[in-house]
Each structure stands twice: as C-alpha cells, then as structure tokens.
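Can you read through this structure? Questions will come right after.
Letters are used for the chains, namely A, B, C and D, taken in the order the chains are written, and counting of residues starts over at 1 for each.
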Amino acid sequence: MIKPGHSKWKSKLHEIIYEADTPAGKLFDVLLLITILASILLVMLESVPSINNKYYHFFNISEWVITILFSIEYILRIVSIKKPKHYILSYYGLIDLLSTIPKYLSLIFGGAHALVVLRALRLLRIFRVLKITRYLGESNKLLFALKASKPKITVFVFAVVILCLILGSIMYIVEADADSGFISIPRSVYWTIVTLTTVGYGDIAPVTTIGQIIASIVMILGYGIIAVPTGIVSAEYTAQFKKTPTNTRTCESCGTEKHNDDAKFCHNCGDKF
Amino acid sequence: MIKPGHSKWKSKLHEIIYEADTPAGKLFDVLLLITILASILLVMLESVPSINNKYYHFFNISEWVITILFSIEYILRIVSIKKPKHYILSYYGLIDLLSTIPKYLSLIFGGAHALVVLRALRLLRIFRVLKITRYLGESNKLLFALKASKPKITVFVFAVVILCLILGSIMYIVEADADSGFISIPRSVYWTIVTLTTVGYGDIAPVTTIGQIIASIVMILGYGIIAVPTGIVSAEYTAQFKKTPTNTRTCESCGTEKHNDDAKFCHNCGDKF
Amino acid sequence: MIKPGHSKWKSKLHEIIYEADTPAGKLFDVLLLITILASILLVMLESVPSINNKYYHFFNISEWVITILFSIEYILRIVSIKKPKHYILSYYGLIDLLSTIPKYLSLIFGGAHALVVLRALRLLRIFRVLKITRYLGESNKLLFALKASKPKITVFVFAVVILCLILGSIMYIVEADADSGFISIPRSVYWTIVTLTTVGYGDIAPVTTIGQIIASIVMILGYGIIAVPTGIVSAEYTAQFKKTPTNTRTCESCGTEKHNDDAKFCHNCGDKF
Amino acid sequence: MIKPGHSKWKSKLHEIIYEADTPAGKLFDVLLLITILASILLVMLESVPSINNKYYHFFNISEWVITILFSIEYILRIVSIKKPKHYILSYYGLIDLLSTIPKYLSLIFGGAHALVVLRALRLLRIFRVLKITRYLGESNKLLFALKASKPKITVFVFAVVILCLILGSIMYIVEADADSGFISIPRSVYWTIVTLTTVGYGDIAPVTTIGQIIASIVMILGYGIIAVPTGIVSAEYTAQFKKTPTNTRTCESCGTEKHNDDAKFCHNCGDKF
C-alpha cells in the first residue's frame, strides 16, 4: 500500500530535481550547473603541477565536498523517481554515477603506484560536463538534420580514411629515403590526416620534390573535399526547413493538417473546403 | 523658449555630423574615416620599436592632433543632438568617448611605471575602428540570417567546448608520460582546440602511437564538425532569401498572387492590370 | 552442350561470391572484409621497423596465407562468372589482381636490391581497401551531386592552381633576399598551396614585412575561397533533393499530382483513391 | 577603299586566332596553350638554382624562342582585328603585351646590377597563365553567384580585418612581456590572421595562459566565422539555380517566356493559352 503523504513528498522532490519549470526546480538546476562547472575547473587546475603544489589541501577538500554533494544528489534522484532501475541504467544515470565514484575509489586504491591510476579516475569526473547538455532544449531541427545526414557522413568519413591510407602509403614510398619523418606507413597515414584535414602541424613535412608535389595534391584535395560534409548538412538542414508545414490549413471535418496550398478537398475525408 | 536661429544652426550641424546624404555630410564622414584609418596606422607603427625610436616626436604630435580633433567631434556630436544623454550612453557614444580619453589619461598617469598602463590605454584607441561599421548599410539580410542562427551556433560552440574538454583530458592521460607538451589539462585542452579547429600550430604535437591515433580522430572530427555551423548559416540564409516576396502584385479581379514583375495581364483570369 | 549440374554449382558459387542477399553470401562478404582489413593492418605494422624486426616470420607467413586466400578467391570469381573477360577487365577485377600478385612477384625479383622494389609492390596491396567500397550501397544522391558539380569544381581547382602560381612567384621575388625558405618558384608555389588551403606547416614562413602582408592576403583569400566549392556542392545537393519526386500518386479522375503520401481523396476533385 | 582579298585573308586569320570553332582555330588555341604551359614550366625550373646552373643556355634559348613566338602572335592579333586599339587596351591585350616584353627589356637593362631587376621582369611572364582562362566557357552561373555575393563578401572581409586588428592589439598587450614573438601590433595582427583563418604556422604562438585562452577564442571564432562566406555563396548559388526558368512555356501570340506553371493567360498580352 502507498502512503499518500510520502508520495506527495516524493513528487515534490521529483519536481525540483527532474524538472526546471518551477522556481525551486530552476534554482536547483542552476546551482547544480554551477557546481559542475566548479568541479571541472578544479580538475583542470589540479592538473597544473605548480598550482597543485600550492593549493593541494584546498583541492582535496573541495573535491570531497563536491563528491558528497553529487552523492546526495544521486541518491535523491533514485529515491524520488518511480522507476529507479530505468534511471540508473539510463545515459544520464550512468554519467551521474561515473562522476561520483572516482573520488571514493581513490580511497580504496591508495598507495604510491595507485596515484597514476587515481589521475585517470579523477579525470572521469569530466563527464559531469555531459550533464550540461540536459539543460539544452534548443535545436531539435539541427539534430534531425544531423541524424538524417549520418549515413552519408559515415560514408564520407570512411572514404576519407581509405584515401588517407592510400595517400599515406604512397608518401611512405616517396619520402622513405629522405630524413623527413615518414619512417613508417602508420606515421605517413598520420601525416596525411594532418594535411588532408588542413591542420598542418609541421612536425612531419615532405622534403623531396615529388613528396611536395603529392603533398600539394593532398592539400588541394582536402581543401575541396571539405565541401562534401558541408554540402550534406546544408542540404539536409534546408530540407528540414521545408518539412515544416508552410500553411496552417486544417480540415474542419476530420482535423487533418498539411494540405496543399491549392487543395480544394480534404485529402483525408474528401470534404470540400 | 527655443531660439529658432540657434536651432537651425544645430540642425544644420546635426545634418553634417550624423547624416551622409548631403554633400557636406558625406565629406565630413569621408574625412572622419580617413582620420580614423590614419590613427589606427599610427598606433600600429608606434608599436614597432625600431620605427617608434626614429619618429617618436612625430607620433606624439600626430596623436595629440587626432585626439583634439576627436574631442571636438565628440563635443559637437553632443551639442548638435536633441537627446545628448541618449547618444552618450549609446554604443557609438561610448566608443567615441573610449577612443578620445586614453591620450588625456596618459597626462595624469605620468611617470615610469605608468608607461606600461599607458600602452594599454593607447591601444584602446583601436576601438575607433568600430566607428567604421557605421558606414556600412549593406547586408541586413546577412545580419538577419546570423541572428536567426545565433541560438544554434551557441549550442554548437558549447558542444565544441565540451568536446574539447573531454578530448583534452583524454590526451592528457595518454601523453602524460611522453615529453610532448601535454603537461596539464588546460594545455591539453588548448591543444585540442588548436587541432579541432584545424589551426595546428605544431608547438604541441602528440608523439605516442595512441596519442597520434586520438589526434587523427580529433582532426577528422574537426574536419567534419565544421559542416555544422556552415550548414546552419547556409540554411538560414537561404530561408531569408525565400521570405523576401518577389513582389506583392495581386490581381484585382480574381485575387491571384505571384505575378511576374513585368506582367500586364493576370495569368489566372486574363484581366488587364 | 551445357551440363545442368555444373551450371547449378556455378550459379550457387556466383550467388555466394557476388551477391550479399543470402546468408552464405553475406557471411562470405563479411569474412572477406575482415581478411582485407587484417591484410591492411599487417602491411602497416610491417612498415614499422621495430615491429617488423620482432615479428618478421609471423608477417611473412600471414602474408602468404592471405595472398593464397585472395588467389583462390580470384580464381573462383573467374570460374563462377558467365563472362570472365568482362570481370577481369573491370575496375574490381583489376584491383583484385593487383592485390594478389605483389607477393608472387617478390619471389621472382629476389635478392638485395629487389627488396626496395618489393616494398613498393607490397604496398600495392593497399588497393585491397578499395574492395570495401563494394559494400556501400549508400548515397547515390551524393554521387550524383558530386558528378553534377564536377565541371565547376574542376574550373575552381584550375583557378586555385593559377592563383597559387602567380602568388607563389610574387612571394619568391619579395622574400628572395630574406633567408626564409623561398629559394625557388616551385618552393614558393608549394608554400602558397600550403597557406591558401589553410594547412600552414610553418616549415616555410615569410619574415619580411611585405611578405607577411602578402601572406595575410593569401590567408584571407584562402579562407574566403573555400566558400566556392562548398557553395557548389551545397547547391547541387539541394537541387538533387528537389528532383526526387515525393511520390508519383496521380488522381485517376482529374490527373492532379503532388498528393500527400497519406491522402485518401484527391485534393482537386475530391474523388476517392 | 578596302581590298576584298586582303580583308578575306584578315578575316581568315581572325577566325584562327580569336575563335576556337573551326579545326584550324582549335589547333591554334591548343598549341598556344601548350606553349604557355611550357613557358611557365621554364620560368619555374629556371628559378631553381641547381637546375639553372646546369641548363642555363637551354633556358636562355627556349625563352627567346617562346618570346619571339609570342611577339609574332601579338602582332598577328593586332593585324587581324578590326579595332586594334580596342584589343590593345583590353584586359587580354595588356596581358599579352606584359607576357612578351620582359625578355626584350632584359636586353636594354643589361649589366650586373640589372640582373636582380631582370629576375622580377622575367617573372612577369607568369601572367601568360592568365591567358588560359580564355579557354574556359564553363560556369557562368558560378560567376553570377560570385558577383551577386561580392558586396556581402566585401563586408565580411572588412569585418574580419577589423576583428584581426582588435584581437591582434589585445594579444600584443597580453603577450608583450613574454618572449613569444608578439613584438609589435602589426606582427600580432599577422598572427591573428594566421590563427583566425585556421592556417596556424606556429612561427608565432602564445605562451602565457591568458594568451592561450584568447588564442582559443580566436580559433573557435575563426572556425565559426568561416560559415558566413560559405553560407552566402551557397544561398546565392542556390538562388541562381532557381532563376533558371523551370518551364519552357512561351506565349504563341507575343512570344513572352517565363509564365507560371499554372498560368491560363499570357501575362504580357492577355491571350488564353
């Protein structure tokens, strides 16, 4: 049997934690957002050796405070929801757990050697950032356009990778005898990706004439190929724009929408407009 | 009581300073534009040590001349306008003030140490450049498209920053032991931004195999992601194009729209326009 | 006279090798894909000196196994097809052959000097990758858009090359006396391509003031020019979208087209479909 | 009085030189194209010191041959055209002259010191390349789209330059004390252009924390801003596509084109279709 009072308390908590429409819910979300940003900043600053040496204790305490706050939040989320299992196994449930446990794990896996592991564990807290996306209700159209262009983008990325493999292998043969960093095919492929994507570090650069000619071709290729994903997203996004019904004609008999501009009869029930 | 003569003189001045339709107003604007460009050139040349040593006095005098000219212009702007408060607090009012005061402030904050501050104050005059935008009446459509795509671009930039934080942290762990510049998370994030935006300085570059594989993924990601803002702006701009009605000609007899610009008869009922 | 039994065996084999609709055919294709990927990985790892020294024998045996498997596949492809000549001279027939013979040729051209040649021959096996494209049925629209934009892209690439020639020559004159790597026109043109395509290695960079001004112009030019191929592909791809009829439903009574997919009545005459 | 025979000979020559529709005219154009390409290749190879030392005499003779051929061509172009003045002052007339005279000028300005000048003069022959554009009849639509987007692109380039000036100045203040190459505002502006256009040489790179933060903002800005020219060209090019009449309906009475698809009467003369 369910206690109505308890249920009411739970639903109130659910409203505050999961929704952002009430003032209390909004305040909670804003405070959570600030805490997440603060924790990310702490992790980043802690990784700077000079800063960490100075403020080690401050960082340690701050992290424990944030970890405990996040733990409480996690427990409250489980308590206030009707289907806790559903939440725990959801994308955000896992992220919430991952952003809480590293600090606790650092207690168990203590000792000198564990410190290296610790660093990696600590870093997992960066996933707290992903929580931020929860607060973005904007741009469903954009997501639809990206989803629609996903298979084409996949083919494109695949084609680019194959191209990089072939061009990298050719560069490996051409520049093999020159002392220019093309010491193996994987490294040559790495260079090709660096060049084709127009990043161009300059840590590896061709020195032979043929190498520079091929490099020029790779660059112009990369410069032109970038038009492909851009064209795909542009077209898909423009298409998303058009799908939005341009008129608001609704059949008075059956309520069907999306009639053509020049329609004289409803295409669903056949009634005259 | 208002003096009509004074008011006439004021309105004449307002016409010259604020408008560009009369010959006098146009001349004023062109002269102002040249002065602004000259002052920018002076600031730039002055910052080059070798040039500044040679022409120090010329620069000093020129800057005083320009500062005084700008001061007179600023006063005239306040005098000639009906609501001076409105102008002073407006975007251009503040820019006009900011581009005038630095030189005066350099008199008060004299001395050896103040010279460093001076340099910063001098540089504020670069904001004079912003005045130039006043002369651009072009491209309202473009601004509308950019405004319409602003929320989506914001989400995109936000997503890119989160991506850089996560990828930067991963690179920090991967390249931590190698002596390749990934000494802290902020620096790794900086590298990720440099790589993802396809800038690629090469001051920091991965040396480990895993690091180079992740770098390759970051590059291809950056190469593909650039399609998103481009797609957004393209689609919004194309949408702006369509919103513009080709004309608003409507047949008086049957009410049909979308007639060609040079149509003499309605294409639906054949009636003469 | 044709033996029906033999023909049936052949057609069964044809189904497995050339088609991917039956479970057996799909399994064959997936296994082939894995083998191709494995062979590419082997070629790449073999080129890394440190790895090759360790696992030389493993690589040698693995390559022989893959080569023999590919040879059997190639023979079966010829046997099972009705027009073997057509297959052998086709794009994939040649690629299949090229990805099989290098290892056999390495037996004939043995000896010390041949090893260099061998390396090149081995690398040809990278063309096996191209086989992968066979499994991509996606994105015909994209290919049509790319084909339609081919002549314009060609003109664009041509214009870019001419621009690079002229700008490269100008940079050669400007930076000739400075010790900044612009030692010949071809090298200056190479630098221009590196800069215009926004790759920017930094192995060659202008040091004179005029050189840096021209370089700035080249960069802004390159930054703006990239809009051209992108615009072409976007427009062509959007055009491809429009060409596709949403459906081909035509009213049998009045012949009106462009009915919605879920229309039950003609929107023009009201007749039931 | 005009001699008909001479005129015929002239018009025949005009046909060969200026047109590409007859076999003779086409052959002439192809040969000219090959000669131009050969001369460009010669200029490029000549600039490579090691090659020039070896084949100095071959280069000298080849250039004289090409110069004389171009001179003959130039004279024939003047002779065969009806309005020589019009040709000489035209774009191609000037280019043709500029690609012929450098070698002659090298005779007059002989001597040791003149050699440096000579190099510059020789290089002007690269303008022969521009002749190539004459043979491209492709892509009028593209040119229209580029012309239509010219004012917007100009505003965009202007805005980018202003942005670079301001950001460059800020970087100059921020990185002034660090030994990182930001020695003057012009150099800082140069760095900003290198970074904003995502070229990223790495010859100048920020070392201070604030500098790297600002650099990150510049990069993300540059990454996003590139969407603007691309969006403009895409939209204008798509608009060019639409301007093309979709139907070929022509009024039988008055011959007017571009009627709407559903027009029942000519919009020019009012006749029924």
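Criterion: contacts are C-beta pairs under 8 Å (C-beta built on N, C-alpha and C of every residue); 3 or more make two chains touch, one makes a residue touch a chain.
Only a predicted model underlies this, so the values are computations on that prediction, with no experimental measurement involved.
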Key: Minimum number of chain-to-chain contact steps, chain B to chain D   = 1
Inquiry  = Assuming a repeat means more than half of the contact pairs shared by residue number, which candidate in A-D, B-C or C-D repeats B-D?
reply    = C-D
Query = Which chain maximises the distance between its CA centroid and that of chain C?
reply = B
Request  = Between A-C and A-B, flag the pair that has more C-beta pairs in contact.
outcome  = A-C
Key: For chain A paired with chain B, centre-to-centre distance based on mean C-alpha positions, whole Å   = 30
Key: Centroid spacing, where centroids are CA-atom means, of chain A and chain D in whole angstrom   = 42
Remark   = In chain C, the residues touching two or more other chains are 156, 186, 189, 198-202, 222, 226, 230, 232, 234, 238
Inquiry  = Under the definition above, what is the set of chain D residues touching chain B in their complex?
reply    = 151-152, 154-156, 158-159, 162, 165-166, 169-170, 172-173, 176, 183-186, 189, 195, 198-202, 205, 209, 212, 215-216, 219-220, 222-224, 226-228, 230-232, 234-235, 238-239, 258-260, 262-272
Complex interface listing, chain A residues touching chain B = 40, 43-45, 47-49, 119-120, 123, 126-127, 129-130, 132-133, 136, 138-139, 142, 145-146, 153, 156-157, 160-161, 186-187, 189-190, 193-194, 196-203, 222, 226, 229-230, 232-234, 236-238, 240-241
Query = Once bound in the complex, which stretches of chain C touch chain B?
reply = 198-202, 230, 234, 238
